[in-house]
Each structure stands twice: as C-alpha cells, then as structure tokens.
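After this come two complexes, each holding chain A, first together with chain B and then together with chain C.
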Partner chain A sequence: MIRIVMTLCLVMLSLSGCVPGQQIEQLGIITSYGVDLLDEEEGTLDNTILYTQFDPEAPQPMQTIESTSSTYLDAISAANLKTSYKLVTGHISLKLFGKEMAEKGIMRLLSPHLRDAEEPANIYIAVGEPTAKEILMSKGITDVSKFLDQLFENNIREEILPKSNFMDFVHNVDDPGVDPIQPVITIKNDKPVIDQIGLFQQDQYVASISPDETFLVKLIIEDFRAGKREIILPRAPFDPFIQNDTDEQPKEDLYLTLDEIRSSADISLEDKKQLHYQVNVDLEARLMESSEPIKIDSDKVLNLLETEMSRKFEEQYEQLTNKLKELNVDPIGFGTHYNAETKHEDLTDEKWRELFPTTTINYNVNVNIIRHGVIE
Partner chain B sequence: MIRKRKRKQLAYEQPKTKNEVHFPLESEQTKQAIQEQLQNESSLIFKEVNVQDQTIVVCYISYLIEQTQVDSNLLAPLIDSKEKWTTTRLETNLPIGNGQQYDTIEQVCSQLIKGSVVVYIENEKSAITYSISKNERRSVEKPERESIVVGPQSAFSESLETNLNVVRSRVQSNELVTESFNIGARLPTEVRLVYLKSLANDEDVQTMRQRLNNLKIDDLEDASVLVQYIEDTNKTVFPLFYLTELVDRFSYGVSKGKIGVLVDGSPEAIVAPTTFWGFFESTEDVYFRWSVATFFRMLRFAAMFISFVLTPVYVAVVTYHYEVIPTNLLVTLGESRSQVPFPPILEVLFLELIIELLREAGARLPTKVGQTIGIVGGIVLGQAAVDAGLTSSVLIIVIAMSALASFTAPSYLMGSAVRVIRYPLILLAGLIGLVGVTFGICLLIIHLLKLKSLGRPYFLPVYPFIFKDLDNSLFRLPFSISNRRSIALNTKDPIRYQERKSKKPKDIEDWGE
Partner chain C sequence: MNVNVKVKHGSRIQSFYLFFILVNIQTGTGIIGAPRYIYEQAKQDGWLSVIIAGLFVHFVVFMMFLTLKQYENTDIFGIQQDLFGKLIGKLLGTIFIIYIFASLLSVLINYIQIVQYFIHPILSPWLLSFLLLILVVYSVLGGIRVIVGVAFVFFVSTLYILFFLYHPLLEMDLHRFQPFFEASPMELMEGARATSYSLLGLEVVLFIYPFIDDKKKAQLPSQLGVAITALFLLLVTIISIGFMGRERLADSYWPILIFYKFISYEIIERFDLIVVTAWMMVVLPVMILLTWMMTYGMKRMYNIRQKKTLFIICFLLFIGGGLMKEQVMITNYTSYVGQIGFWLTFIYPIILYPLVRIKKALKKEGKN
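Right after this comes the complex of A and B.
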C-alpha cells in the first residue's frame, strides 16, 4: 500500500514537469489574426494581431501588434518579440485575409489548424477589403474581435449569412465540385460591416455577390427554418386588389416581406451527357409586410402573389447562374451531384471548371404563403 | 510484524479475576468487604436494621439513589414487618420490582455502582439488590447537528434508557429486538443491537452481532468510537455507517430493515448498512412531496460534486487550460488574476485555509461569538484579501460556493469527508492540470466502488446496478409507485404494501358504497 502511494507521488511529481504551465495572467491571448500580402514575389506577409492582456495598469486589455513573416506560426513568434506577454493562439476566433492575399490562396495559412490539436477549429474565415489591417485597426470600435465574432454569430443564427466557419471552408475546398463562400468585410463610418459575400475558386478569392444573391444560394445549399426576406414585385398585376390608395403618385414596385421562411431544395441531374440540372425549391412563409394595402380576401389574390413571387425568384436564379458560370465558380455544388451520379470517373476540380460553364440549369421555385396576418 | 501482533493480544487480555468473597457473612464483615471492594467510597451508606431479632444490612451509594423511594418503599416496610424476614420474603413482600439475588460481594458491588440498594440479612446465603437509581440525564431535546425543518424534532440524549424509550415509542412492534452487549473490559459500556426480527436480514444481524462480540477493548467512549472499531475498513475518509442523533432517522432505518446500534452514554446512534447515496438523504425527503424531495436530493448530489470539483478545476484552468475559459469570462478572470502575486495553487490553498480556520473557530466558540466570527470572516476578510491583492475576487466566489456546497450534506461526517478529499485534488490540479483532476476523480470512484458497509457494496444501487432500487436512493417516486423496500438490503419482506390498492383515494361519492 505504502509502496503504491509512494510510486504514485513520485510519478505525479516527475510528470508535473512535463506540462507547460500557462498561467492566465502571463498570457497575451490572441483573438484575431489579420494578414495582408506585403511582397508578392517573395511572399512575405504583413500580419496584424489582436490580443488580450491582463495588465492592471493598462487602460485597455485589447492590444494590437504587427509583424512581418512568411508563415502564420512565424508571425506569432515575430510578434512575441514585441510584447512582454506570451502570445498564445488557443482562443483565436477570426482569421481575416486581405483581398490581395485572398486572391493568392489562403489555405497555406490555415493548415496549422488542421495539423495542431491546440489550434482551435471553430474560427471564422473572412476577407477584408481593402486590407485586413485597416479593418482590425478600425477606430470606431474598442474590441474589434468581439464585435466581429458576434457579428458573424448573430447573422448566421438569423440565417442571413451562410455557414462560413473554418470547418465549412475546408470541407468546401477539399470536396471536388463545390467552392466555398465567405463573408467580405469593409469599413463604413469607421466600423467594420459585412458588405458582400466572397466567391472562391478553391481557396482563391474571385469575386463577390450581394446579400440578395447570397439568399438565393443559401436557399439551395441550406434549408431555412425561420428566415426573413424582402421581395420586390411589379405593381401592375395587383392594381385591382389595392384598396384606398391615398398616394398621389403611382409606384411601379410592390415591396413585400416574407417571414418564418421554411425551405427545402433538391437538385437532380436530369441528363448526365448534356449536364442538364433540375432544381426544385419549396418555400413556405408568412407574409408580414407589404408597401401597399393589398386586400387578400380570396385564394385568387394569394395564388397571384405566389406565382408572381415564384416567377421573380426564378428570374433571379437565371441571372445568378449566368454570373456564376461566367466567373466559373460553383458555390451551390452542382459538381458534387455530378460526382455522385458518375461513380467511375474521379471528378477533379480542374475537370469541373471545364464542365461547369457548359451546364444548363432549370429552376422551379414553389412559393407557398401559409399565413398573411390576422388583420382582416 | 509478529511482535506487533503479540503485543496486541496482550493488550486485549481480560484482567484476572481476584479471589471472590462469598456469602454468608457477619454484618461487620460485609461492611468491610464492600468498602474494600469500592475503595472506601465516602458516600457509601450502611444502615443496620434490627427487626424481629434479625440484623439486616441496607447499603447504597447516596448520590446514585432515589432517597425517597428507599425511605418509603424499602426501609418503612422492612421495619414495620411483624414476621421474620427471609431472602425469599424480601423478594416477594417488598413493594419494589426488579429484586435480584447475588452470592458474592463482587457481584453485589457491581450492582451498587449502577445505582442499586443492597439488602442483606446477616448470615444468609445471598444478598438482594434493588435498582432504585437516580439518573441525572438530559431530556429529549431538539437536534443540533442535523437540524431539519419538517418532521419530528426529537434527538437522542446520553441515556440509553431514554433512547430506548423514544425508539420503542416510534417503532411500536413486538418484533423489535434490542440485544444487549457489554463492551469494554475495564469500563464496560452497554450497547444495544436494535432491529426488526421479521424484516432485518439475518446475515447482516449476525455480522453486526459477531463484530460486537469479537470486540475486545478496554473501554468505549462513544458511538462514533464504536463505529471506528467495527467499520469494514479504516483506510478511507468516507463514513461507512450512518451516525445520527435524530430519533426518526434511526427508527426509519430500522423500520426499513436496517440494523441500529445504541450506545449508553452517547447521543448518537449507528445505522448500518449504509450506501454512499444514503449520506445525502435527509429524513425531510420522506416528509416532503416526492417531486420536491427529488429536486432537493439532486441538488445535494450536485452540491457535493461542485464542492470537490470546483476549486481544483479553477486551479487547473487558470494554470494550464486558458482555452477552456469562455471568451467573455476571460477578461474578468485574467484581470482579477493579474493583481495576485502567487501562482493559482498557492492562492487557492491560502483561501481554503482561511475558510477552514473560520469553520473550525466557529465550531469551537460559543454560538454568539461564533456568529460574529462567521460574518467577520465572510465579509471583512474576503474583501480585505482582495484589496490586499492576496486573492482574486473570482476565487472568493469559487471558494465560498464550494464551502457552502459541502455543508449541504445532511451527514456532518460526509460533509467533512468531501472537504478533505478536495485537497489532494487541488494538488493534482496544480501539478498536471485537468488530467490530474480526471485522474483523481477516477481514483476516487475506484475507491468508492471497492468500499463495503457491513459487507454490502457501498455504491449500491449504482454499482452493482439495480434499476428497481434507484428510487430508494437517487431520487424519490410517489408512494403509490415506490412500494418496495430496498432490494439491495435483502430484507425478509421486499414489498411494503400492494401497489394498486392505495392508488385511488376515496372520494365523497364513494362513501355510499
């Protein structure tokens, strides 16, 4: 018994040297990492690091530090020379890439997260326009890391942004026949805002689409459970149903807001040779707001609304597809469906880049308004 | 090793019996023999009564005796008698019960010191003793160590007779057995083994009986000491038998088929066998509604877990695993830590020491002073420690919470055990972080699984797992469903009452039927 206890104590004492102590007050905890391309030919990076330090004298726990390096881990080491705290990466929540940097490909700076278990995997990946440094150093906000973290979290929860964290990004890069989409952040009134959604070819930034177009993409790649959406319809077909119109000037458009959107979509490859796709989108929603007082007293009006909306969505889809084909990016993942249907030929990304512009895609959107408010 | 064992055997040997003095004796001889035997006790009173040409010796120790009873019920009829006294007439014609005959001075003396009066007719073969003892004892009072809100409020006192009295009045059954044992060679103490004959498991009773019989010790101070002698193992910090001062807790245990032990002179009684979970059961759980009781019991389990895990986790996280801390908490925690000059483990040990000192001081001091110490310690010391930069303010909350949680255990012994096992865990956390905490908890669980109480697994019914028994230990169900006694106890009658009969309460409409 005594021997066992002694052995245990000995093992404990000798093992205790093996664990590197990281006392919280001696750490500079990195929360965001931004990177811009400094020299294109040599591949040197201009790093901006936001970290939290616990100095009772300092007025602000959030600090910024800059360094120059060629790799991510070296960037941390280089930055370590400029602070009295030990910089650690275990709490990093955002990696922001300058637009120029993103166009060159960002996977090489993300690989430590795949190799090292201590590097967190639930981080957000975003593109900073024009540079990451400007956004991380923006004056309007004291804690940029926290602000951006909550910005992403809220918008993803509200189903405005598609899922865009590190795991989704890597998944989309590695899968043949699908490309990632990540938010693009710009500065407006000294504050960082999400302006556009970036389209990627593999890990290289290509172009961006508007939030409206993102909604269309998201409608296919993710099912909505409680989304919100404004839709613009021409006013003309509804003229007979609009009552007591007090407005003098007749307007051309009718603005409607859909709430509690539930959707489901399926993609089917109709013709493997001709690459003809059929996309069916079912969308259920409540009609919550309309710019004109439409009197919905019969199924006729409701059906008219639904068909007009469907037609509008289908039109928008046509435009979006043309744009995507032109850019030759496939965030919706038509390639994965092709890959699934044709088992014996291994689809590569290069091959899909050749095939994607030749596809024809037919959209069928079915809108169903289940409620339109309690007011009679 | 061998030498040790020999010494032990020597210590346990009974003191040798001296040459005994037998009756019949002259009155003067009797007096001398008794005085010699009782080391010239100065309160020993001898009274020689001459009735019908006989010399009758009446002898007692004045402070142990109810004087009025001796005068009116013994001396008066003795003197007034018109006939000659014989030993058998003494036994039958005096208005006092419990007269007993003894042949030797030694036996008589052992009765004398228990509060008996000796009556001896000169030159007879035996003397008679009557027990007319005057016991100075506490009355049945409210419980102090295990206070409860709902339910009977009587606690055991130091007198075995009073204790047996209150137990009998709560368990009114002629099946209640109270076996008597005398433990202690030099200073014998009466111990009673209490159980319900028709319910208690025979093996358990036999085990307990054997342990009491095999106990060869010099003297016995208290029930808590007896527990330490007869427990299954002493290589643990956890209590294996339940020590309680509550009469209803004791009688509840006995009525469920457990075995109780009462010790003379001890205000606490032993209930066995007990499981680990039993130490978190309060008798209130039975008196409350089942849903409320279940909530409170769960709360106590959670409190126990918090009590020994919270501070080690704090140490581990702050020293090694900053990644675990939520981002919003990071700044608060880091800033309060940055004021403190010590590593987290010293900080925690320092504050734990303060809390333990407060507790110990509060327990020793009189109630009024103790309260002041509690308040001063809690508010002033804590605040001052933070201001002086000795501890972080977050840690104050952590320590206070774990200290509070340890006091929720209904058994004071279990609460103390939980407080003690926290320290090795804190050290492990300080040495190798959360790995150490996990390692420590694993060791703890293995240890608990191996423990036994009166030969039955300590961790029942979780290990070995008995599904039907969970409602008797981990939570409570309505009485209409929970109608079984604990299967683990292996009682003679496992079912308390038939299930469905009592289910639907009679309504007004049912009266006519």
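Right after this comes the complex of A and C.
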C-alpha cells in the first residue's frame, strides 16, 4: 500500500514539471487591443495595448503599451520588450480598429482568433474614430477596457446596439449577401462614447449610420424583447385630441416614446428575377410618454396613432434603404434570402454587390399599441 | 482453434451493456470533426446524409446479428475460419487486427493533437500518450467486466456536455439550410460515406458476441446504441451547419470544439477547455475497447497470452503517439483509416452473411 502511495506521489511530483506554470503576479493580462494604420504602403500597424496586472508592488493596475508591427501576434511580442510582465492574450475582450485601418479591412488581424484555438472568441469588435489610440488612451476614465466592455454589454442587453461581437462579425463576413455592422466609438468630453454604428462591406468599413437608423435595421435582423424608441409624428392630425395644452413651445411635432417593444419581422422574396422584396414588421409596444397631453379614450385615437406611426416607420425605411443601396451595403441580409431561394447557384459577394442596388423593397410596418399607461 | 467459443459464466455480460459499448466505441474523436467532411460533400443537406448513414448502420448491425445467429457461440474469427479455412481465416483476422490497431492509433494521436491545440501547445505528446496508455493497460488487465463497466460509467458521466449545446442551437441561422435538397443523390451518398470515420467501431459486436449472456435480447440494445450515436452525429451536424456558416465550417478541423469555444458563463469563460478535458472520458473507453479486441483476437487466433499482446500493443502505440505530430500527416492518416474502416466495418459484414448461408446450404447438401 505504502509503495503504491509513494509511486503516486512521485508521479504527481514529476508530472507537475511537464507543463510550465504561469505565476499571475508575473503576467500582464491584455484586456484591449487597438490598432491604427501607420504606413499604408508597408502595411505597418500602430498598436495600442491595454493590460492589467496583479503585482502588488506596481503603482497602477492598468497599463498601456504601444508597439509597431505588421501582425497582431507580433504586436504582442514587440510590446513584450517594453514591459517586465509576460503579456498574455487569453483574456482580451475588445479589439478596436482605427477608422483608417478599418477602411482597409480588418479580417487579417482577426485570423488568430479563428486559427489559434487558444485565443478567445468572445470579444467585441469596434471602430475607433478618429484613431483607436486616442480612444484607448482617453484621460477621462481609469479603466478604459472595463468601461468599454460594460458599455457594449449594457447597450446590447438594453437592445440599443445590435449583436456585434466577434462571432456575429465573422458570420456576417463569411456568409454571402450580408454585411456586418459594428459600433463606432468616438471621444466626447474625454470619454469614449458610442456615437454611430459602422456599416461594412465584408470586413471593410464604409460609412456609419445613426442609432435611429440602427433601430430600423435591428428591428428586422433581431426580434426585440423589451426595446425603447422615441418617435416624432406631425402634430396636426392629433389636434382634436390634445387637451389642456399649457406649455409654450412651438407645436409642429409630437414626440412619443414607445417602450417594452416586442417585434417580429419577416422578409420574403416575392419575385426572384426582379428582386422584389416584401418586408413585414410587427411591433407591439406600450406608449409611455408623449410631449402633448393626448387623451386616449377611444379606439379612434389609438388607431390614428398606430397608423401614423406605421407610416412614419415606412417612410424612414424608404430613406434608409436608399442610403444602403447608394453605399451598396446590406446589413439586413437580403442577399441571404436570395441565396436561400435560388438552387444550384452560389451567390458570391461580388455578384450581390451588383444585384443589391437593383432590388426593390417594400416595407409594411404594423404598429400595435397594447397599453398606454395608467392614465387615459 | 474451435469455431465456437466457450466462455466461463463469470466473465459473461448482460446484453443491455451492448448499448453503452456501442455508443462509446462509436463516439470517439471522429464526431468532433465529422460535420466538416459531411458538409464538404453534401453542403447544407449534410443532415440528410447523416440520416442515410444512420439507417445504413442499423442495417449493418442487423446483418451482423443475422450472421452470428447462424452459429452457436462464435465471433468473427470463428466465422472466418469456418468460411475460408484456417490459413485465409487467420490472414483475414490478422488484417482485422492491424486495422483495429490503426484506428486505435488514429484516436490516440487525434486526441493528443486536440489537447495540444486547445490546452497545452507545448505539452509533450510522449507524456500524454503514456498517461492515457497507463489507464488503458489498467482497465484491460481488469478483464471484460471492468471494460464494460468503464464504458457504462464514462457514458453517464460525459453526457452533460451535450446539454450545453443549447447555446449554439439557439444561435442557429435557419437560412443556412436553404435551399433544401440541393445536393444530388450522389453527393448525399458521398456525404453519408464521409460519416464513416465517426461511426466506426460497430465491429465490436462481432468480437464481443460470445461473451453475451442473453443473446436473444442483444439485438435491441445494439440497435438503440447505434441509433443514439447517429442522433448525436445528426445533432452536431445540424448545429454545425446552422451555427458555423458555410465558409467557416468548410475551414474548421474541429467544428464542434469551435462552437463550444463560443459558450461562456460568468464563472467559466472558456467552455471548450472543459469539453476537451472531459473528452478524455469519451476517448478512453474507445481505446480500452479496441485494445481489448486486439488482445482477444490474438489469443483466439495464435493463442498468445492477452497480457503479452497488451504490453506490445501499448508500447507500439506509445511510439506512434509520440512520433506522429504533423497535422497534415494526422489528417491524411485519419482519412485513410476512415476509408479502410468503411469497407471492413460496413461492407464486409454484409458480404459475410450470404457467404455463411451458402456454406450452410452446401453442408446440408453434402450430408444429404
């Protein structure tokens, strides 16, 4: 018995030497990686790396390093020369690309996450405007990585941002007939904020749209569970229902807020040759705020509100579609629907770029206000 | 060597264990990579290929039992000797054993490779194969009952991995399956054939049959076993196609581990590490069962003591596992094993049945 125990102990002791250990005090754990284009012709990159360490003697837990390289993994090695900690990439949660860099295409810097099984896959991808460096080095916040991480997480949970992590990005780049959308971060008052949402052609940044327009895109590509949305309607049709108007503001528009939005959308390809699409969006919501005291005491008012809102949404969709067609980006993925309907014909991205501007898309939005609060 | 085998009562097993044996031996390392090969052939209709393959496997098992029932209590070696005589019978049996060794080696090196990719890139393959083989030796020395027990325990204790597939299942994009039925029947058949490496291992029925106590009830658990394996494969193929998308799936060696990689929780950020680690419990029963089959075969044919073969086999495996480390070589080797296995495991038993019937008819005529 003793002999067995002794052998076991010996085996365990000798085995523990087989894989090198890593002491956490000696590690610099990279949390964010930002990259800008340094030289366009040579393709060199200007890297900004944020890392955290657990060394009790270090003055600040969060550190920044800059390095120059041509690839992502070399950026880490180059940065390693400038720190006493061993930099590890296993906990990276954000990759931020400068606008100029993003316009050139970013997939090449993401390939380690696909090729190397050790690299994490749950990371956020975003565009930094004007440069990634400025955002990661912003003075207003001590821990930029954590701030941005929570910024994304909360806004995705609150259904303001569309799903835009690494997996969604890669899938949208891979699948023909759909393009990714990723948040664009800018600096306001020394703090990073999400101002716009970037449109991509494949992995190349093209232009950006406002959060309002993003809502419209998100309404089709994802189902809302509890979204919020402000909507502006012309005031005129509601005049007879507005009572006790006390404030003195100019009265052309009516501002309403919908919340607890639940939605579902479906896209159908009506005509494969003419590329005629029909998009139906059903939207259920509560009306919780209105800039004018509208008295909702009958179906008539509600129906009027609903039809006006539907019309407004449809108008906005028309504008958005024209913009998307002009830029030739398809974040909604009309191309995947085309591809799914056509047999024996593999859609390529080039082909869809030719076809997409020729499509006609008809929107039909159906708003249904199910509750309007505890007052009439 | 007698055609029929006498097995002591103490080393017999209940027929329902065949279920665990079959599920275990079929679900090895193959299932991790299979969806990619299926997708290569049948594209988005790959799930249909898996269904075809599953039905075919049921048929093969049915034929195996039909063949075995012609005899009193025999295995593949007995049947071969009865059909082809001593010399050719032994030759075929040896081929079978070499093939089993090859497939065992492929399981070992594939698992080592996966561990190196996902957990420890610098871990020595010698060490890992040594550790795995110690466990193999230990279990095989325990005899058939221990082996069956291992199969049962490890099946139950790894089943939870499946549960976490709900995550990629919910993230699937159903458009990726459209247009339906685009693949031609030929492509579907090719896709079904691509499953062969991940469904190998059926031949265990031909080895373990003499050890089964209640042979009349053996068909049902075996059929259930292969049904479950086919269902696992169907599930992961569907998720792979729906979750991974076209290009990404065509590129990935281990699509299953890739989508486990996307799963993360508050307390565990990288779920793939757990899956790779737990996968040892999926791989071990395969290795143990295959090793036992070889030692048993050698004893049956050449009367070599099982202990002796066991140590020789494990030594050879240790050498093989330590030396084969080039990715391209491993991939090619695995696909060869899959191709040979397709003929030996799926086609050969079907051919065997008519031969046995003819032989029996001839014997009857001779008597009359």
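Observations
Quick note on the criterion: the second predicted complex is superposed on the first by the 354 of 376 C-alpha atoms of A that agree within 3 Å, B and C clash if a C-alpha of one lies under 4 Å from a C-alpha of the other, contacts with A are read in each partner's own complex, and residues count from 1 in each chain.
Everything that follows uses one rule, which is that contacts are C-beta pairs under 8 Å (C-beta built on N, C-alpha and C of every residue); 3 or more make two chains touch, one makes a residue touch a chain.
This one's a predicted model, so the numbers in the text were calculated from it and none came from an experiment.
Superposition of the two complexes onto chain A shows chain B and chain C fitting side by side, with no clash.
With both structures placed on the common chain, the touch criterion links A:Ile29 to chain B but leaves chain C unconnected. Legend: residue contacts after superposition of the two complexes on their common chain; A:Thr342 is shown touching chain C, with no touch to chain B.
Of the two partner chains placed by superposition, A:Pro240 touches none, neither chain B nor chain C. In the superposed model, A:Val19 makes contact with both chain B and chain C.
Using the contact criterion defined above for the overlaid structures, shared-chain residue A:Met167 touches chain C, although it does not reach chain B.
In the overlay built on the shared chain, the residue A:Asn122 is in contact with chain C alone; chain B does not reach it. After superposition on chain A, the vertex angle at the CA centre of chain A, spanning the CA centres of chain B and chain C, is 50 degrees to the nearest 10.
In the superposition on chain A, contact is made by A:Thr52 with chain B only, not with chain C.
Across the superposed structures, the minimum distance from chain B to chain C, using CA atoms, reads 5 Å.
The intersection of chain A residues touching chain B with those touching chain C, taken from the two complexes, comprises 15, 18-20, 90-91, 118, 120.
Across the interface of their complex, chain A is touched by residues 235, 318-323, 325, 327, 330-331, 333-335, 337-340, 343-344, 428, 431-433, 435-436 of chain B.
Residues 15, 18-20, 90-91, 114, 117-118, 120-122, 167, 170-171, 174-176, 333, 336-337, 339-344 of chain A are the ones touching chain C in the complex. Residues of chain A touching chain B in their complex: 1, 12-13, 15-16, 18-25, 27, 29, 31, 52-56, 61, 88, 90-91, 93, 118, 120, 146, 149. Those residues of chain C that touch chain A in the shared complex are 117-118, 120-124, 127, 131, 171, 173, 175-176, 178-179, 182, 245-248, 251, 254, 257-258, 261-262, 264, 269-270, 272.
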